[in-house]
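Below is a structure I'd like to ask you about.
Going by the order they are written in, the chains are A, B, C and D; count residues from 1 in each one.
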Amino acid sequence: MSDPQVGFVTQASSSRAEEVGEIGVGMLGYAFMGKAHSNAYRTLEYMTWPPPLRPVLVAIAGRNEAAVGEAARRYGFASHFTDWRELVADDRVALFDNAGPNNLHAEPTIAAARNGKHVLCEKPLGRTGAESHDIWQSAAGAGVKHMCAFNYRFVPAVRLVREMLEAGELGDIYHFRGRYLQEWGNIDADLWRFDASAAGSGALGDLGAHVIDLARFLVGEISDVSALTATFRPGRTVDDGFEAAVSFECGAIGTIEATRFAPGRKNALSFEINGSRGSVAFDLERLNELQVSRGTDGFATRLVTEAHDPFLEWWWPHGHIIGWEHTFVHEIYHLLRAIATGGAVRPYGADFEDGYRAAEVCDAILRSSESGRREAVTYR
Amino acid sequence: MSDPQVGFVTQASSSRAEEVGEIGVGMLGYAFMGKAHSNAYRTLEYMTWPPPLRPVLVAIAGRNEAAVGEAARRYGFASHFTDWRELVADDRVALFDNAGPNNLHAEPTIAAARNGKHVLCEKPLGRTGAESHDIWQSAAGAGVKHMCAFNYRFVPAVRLVREMLEAGELGDIYHFRGRYLQEWGNIDADLWRFDASAAGSGALGDLGAHVIDLARFLVGEISDVSALTATFRPGRTVDDGFEAAVSFECGAIGTIEATRFAPGRKNALSFEINGSRGSVAFDLERLNELQVSRGTDGFATRLVTEAHDPFLEWWWPHGHIIGWEHTFVHEIYHLLRAIATGGAVRPYGADFEDGYRAAEVCDAILRSSESGRREAVTYR
Amino acid sequence: MSDPQVGFVTQASSSRAEEVGEIGVGMLGYAFMGKAHSNAYRTLEYMTWPPPLRPVLVAIAGRNEAAVGEAARRYGFASHFTDWRELVADDRVALFDNAGPNNLHAEPTIAAARNGKHVLCEKPLGRTGAESHDIWQSAAGAGVKHMCAFNYRFVPAVRLVREMLEAGELGDIYHFRGRYLQEWGNIDADLWRFDASAAGSGALGDLGAHVIDLARFLVGEISDVSALTATFRPGRTVDDGFEAAVSFECGAIGTIEATRFAPGRKNALSFEINGSRGSVAFDLERLNELQVSRGTDGFATRLVTEAHDPFLEWWWPHGHIIGWEHTFVHEIYHLLRAIATGGAVRPYGADFEDGYRAAEVCDAILRSSESGRREAVTYR
Amino acid sequence: MSDPQVGFVTQASSSRAEEVGEIGVGMLGYAFMGKAHSNAYRTLEYMTWPPPLRPVLVAIAGRNEAAVGEAARRYGFASHFTDWRELVADDRVALFDNAGPNNLHAEPTIAAARNGKHVLCEKPLGRTGAESHDIWQSAAGAGVKHMCAFNYRFVPAVRLVREMLEAGELGDIYHFRGRYLQEWGNIDADLWRFDASAAGSGALGDLGAHVIDLARFLVGEISDVSALTATFRPGRTVDDGFEAAVSFECGAIGTIEATRFAPGRKNALSFEINGSRGSVAFDLERLNELQVSRGTDGFATRLVTEAHDPFLEWWWPHGHIIGWEHTFVHEIYHLLRAIATGGAVRPYGADFEDGYRAAEVCDAILRSSESGRREAVTYR
């Protein structure tokens, strides 16, 4: 582990479990992401032993009284609210976890941070670079810990790639090719995800933002983009898919793509990196595997489940694979540890600056698609 | 789901969560399997919502006072014992979960059943057919629910194969080829697993028993075996690997193999079934996938993560894979539901009769290896 | 087979072998491509039985007297020349096959066509759109048959994709993603391939042209490109790799990429096409396979070796794979049949117009890389 | 190359092509195998340059006058016969190539050898161990070169495995698991292959013999077998599939299986070898690839197309795959070289002793299936 401060404690050297402090958690949202985050709080308490802090599930907020009450009972939150303002005002809450839809990211997160609560917000951070910048600046100004939930940084194979890159194992980087392909978009339904005012963008913010974050996490800042978007179904105000040719500050070039119109691809976030000393390839549909090539030997399928692999000390003997939701366990552990120790969220976790920067890359892609020009990624 | 009695409730039709009863759980063992089972109790409480019964973690037993106390704190057991007899005698315990080593399967499990507790026992049930028969008969005689933890029946892809077979989708079955390959056996260490008096057998009971159970679960009873075992490292009293050519009562023929001497194979439980209408292939290292061939089209890689796939309603949208330990969540849910409703453990779960029958197949393999003859599988 | 005119004759309906005519072949070049073409002439004579015309290997030309003489003996050419002008002037030659380097494509090919010889020229047709246009116009003006050796159109799996697309099996097309990745470029050598005056471009013309031709063959004309090139090794005047986001006239969008800097990728020409009714994926390193997804079932690995698969009637029973060089057998058969019957080279084979059009797409990519703007593909 | 005598000449060091001698070839059979062998003679002449001997296709024999005449014209044999005795008596023939059905292996091959002709015979050599022994003894007694066409020894990946094993790269061998699976057997047709008097056995001699030869070639002699056969379709006098648990003289154990009843498996000859230092896995449906594991890194997919890989110097740059029929080019090159130099056919090629030994293993499998006992493999 290259950063001791935010690295993992071994069980031998850990502080005794009895001395672990508690942290009150308040969550906004109880759907897909609310379920994933709730599971993470409940699991990390005994899987990452001893945990940096013991999460106390104080309250959960949502608009539907019956549904949010059921969610509270199911996941073990002590109380529930139908107005997120009550949650943000609750003194028991030290960590505000925003698992709500994109158009509820800014206002509640900013309010929570201003109330002195640490904040965890789902991606994309805001619907635009400007909104994301506001959220970041508010949290930074409040002096709280902030994390943007780019959970794929916490896939063991992805972290392993990061460590390989830091150690120079791939040499100079020439190419990054990242795609996020799903198949469900060709439907008649009228979802908030197809409406620009609610979602900001379509495949771009929903899927592409993950690829952009991994590109930044692994290869570094993107300097410019040459991009296209397409909306295949009439009536939608967001993109159904996009294509971008990109340059990185380090000199690498590559492509970033996402679509909801790829039959047979369920959740295919994949990337390949080529460097002067080797290559790696990853596919989220096989998240326990990493393809590694060192020079001329083709690609080895490396099952990233060894005891010394990132995060694996917490789980099972090698060959026993982990699931998608474990990424949230790793992610929230990382945040709690930063809170408990005063340590950093970056670079292994994404903070709101990372959320903001991803949003600026998204904005540049939209600008390029519109202008027909290569657009520099710029920050305010 | 072909058996409504033991099938899954939908959230819509479920009884209200407030009405869920509780069940006291006592566990023997806190190592690998103890961790896996503990996680299952804690997870099923909110993932399979509402659960059939809410597990109350009453007590855990183990010989090392410090270690078992730490395990109790970690996994949330209210108390801990260093003598399993206290656990078995504890009135709060309604379900006795035996996650201990093979030589501690028989006596505690029999004692618990005789005390009227439902019993869940890790595999292999006993070290021999005879010991397994005793365990089964004791539990059956006590009238309690009993389950042998052949958790791979609860892999979604494996259950899907069972459903396909029940529906006749593969037609008449010609071949079953099953292997369980691991790589760690070529070591100097002196483990209880290498000692016949503690373990019963080596790769056979540890790995082969899983293959045998899946063969029986999917294709039916094995009628005879022609087998070889080998011990590659001197000083061991168990097999390091075995090979068996087998006949099934249905007319199919096949092979069953296991070894701890296969470099590069971490946890490679794989099987292939060929029938008159198609074939399937499965590999535990990719447990979210099933290879399916229907007629002449080659094999499709089917990600078994659709909402309608077995067990998947509890988890995530398609393409979001689950982990190895989820099989225990499915398995223990199944047991708790059988307890709550008075329903059956078989055929989808393995009960002690299944544990016993697998042990008889193991014994026949040892007999055949010794005699050099094809040995019929016989039951007492 | 959708085009009877250029389709394959069955052995039953074929004209009698005794009546097959002959055609004199003159070849320029005896290196990699010369070997591949020579093998094709010698093999098609008995494998595609009866052949449309029986090739007579008249003469081969190259600058090195000893080497070209050895090549003539090896491959069975009756004579050899050190000046291609002798070859072009030879009355015995009815088909001029240009397997020479890029800077020897234009002049000899034009001279041969003007002498009334049918012409087969390796790709890229010319080093630029302008040069390619000249070659095309000369051949078209001479009224001879002309073919540009985009041999990957003659991979059985690629042809099968074309047939699926013509039959509407994939529905409306949304995405094409094509890449050609090789690993050998990071070397110190000073090759003609690294010199713009000899090669025209680098990875673009050498590898990217193949991807562009397949994109056009399968999805249709490319309307515009937004592209980047990079030269990683100093001193080279050509690109080492490029990235392009592209739009198709049919409304699809996608990416086209190639590089010589991808360790572990030997000859990885791969593409994926997503349509409203399904997807296909192909990788040249497994050229006998096609990945096919129809709706929600994941991807099937289809071994394209069935008797009814394109070109397979000529070879072996299913499951017996063919090699890379067989694509030239199929390609040259196709050309000879067009010559014998007066049939068309297009659409299944690439003629010089296709060679020219690919060159214009390459030019647009270079323009876009230079201008930083999306560039329309235009034709003179 | 570990055996210089039978290794490959480099082009630099080769004798001059003008000095290459000729050898007259007479072939029995013109169906599948006749086509494959004919292609090999015609191809090796220029691909393995210079060839050890230049094949002159003297005559081909078959019972159907029209068909054999057409075959002669197609493949370029100077004459044809409807009685193999004429072929065997023909003074122009120095190499007799028996590509006929199993029941025409013994008599013509023995006659040819007694006439002093070198002999190449398709597998299985004879229909039984006894018949195979006769063929071997006759050829050995006549002092001619003899080869049994176990062509899979000449797959580059298989030869590479042999070289790795000779070099000790896999250490001590623990396991060999070999299978040959096809799908076509579940049909109504009444073929000679389903008749014991014509074919000897079914899947065993047709497919299993290949696996047995590779097991012997790679791991060494098989000492005993414990086996089962099955005939799934009534009315057949041969096996449709078989299963065998086997022991090797070196101490390894494993399985050997074959079937014609595996839907989705076209030509799936696959094996895996586990040793103390690593493992390899191979599948004929991907014959250009070898899976290699060294210790703990999982399996690498090695494209066996490097210039230094076995046989690859004759073909194409790396990444350009070869086809199934190339194995015959390699095999017949090997035989011609042994003839030209007086060198050995074994160990890299299979001679009639290998054909005989494989037949004895087949016989032991049939005996074991009948007796229900482990049967030692014995030689007369």
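Methods note: contacts are C-beta pairs under 8 Å (C-beta built on N, C-alpha and C of every residue); 3 or more make two chains touch, one makes a residue touch a chain.
Since the model is a prediction, treat every value here as computed from it, not as a measurement.
Engineer: Among the chains, which one keeps its Cα centre farthest from the Cα centre of chain D?
Structural biologist: Result for the farthest chain: A.
Engineer: Match interface C-D to one of B-C, B-D or A-B, accepting only the pair for which over half of the contact pairs are the same residue numbers.
Structural biologist: Matching pair: A-B.
Engineer: Starting from the mean Cα coordinates of chain A and chain C, work out the distance between those two points in Å.
Structural biologist: That gives a centre separation of 43 Å.
Engineer: Averaged over CA atoms, how far is the centre of chain A from the centre of chain D? Could you give it in whole Å?
Structural biologist: Taking the mean C-alpha position of each chain, the two centres sit 55 Å apart.
Engineer: Could you tell me the distance, in whole angstrom, between the mean C-alpha positions of chain A and chain B?
Structural biologist: 35
Engineer: On chain C, where are the residues touching two or more other chains?
Structural biologist: Chain C, residues with two or more chain partners: 265-266, 296-299, 303.
Engineer: So in the complex, the part of chain C that touches chain D is made up of which residues?
Structural biologist: Listed in rising order, the residues are 17-18, 32, 36, 38-39, 42-43, 46-47, 49-50, 70, 73-76, 182, 265-268, 284-288, 303, 305, 315-326.
Engineer: Show which residues of chain A lie in contact with chain C when the two form their complex.
Structural biologist: Those in contact with chain C are residues 172, 174-175, 177, 179, 181, 183, 186, 226-230, 232, 240-247, 251, 253-255, 257, 259, 261-266, 272, 274-279, 293-299, 368, 372-374.
Engineer: Please name which positions on chain D make contact with chain A in the complex.
Structural biologist: 296-303, 306
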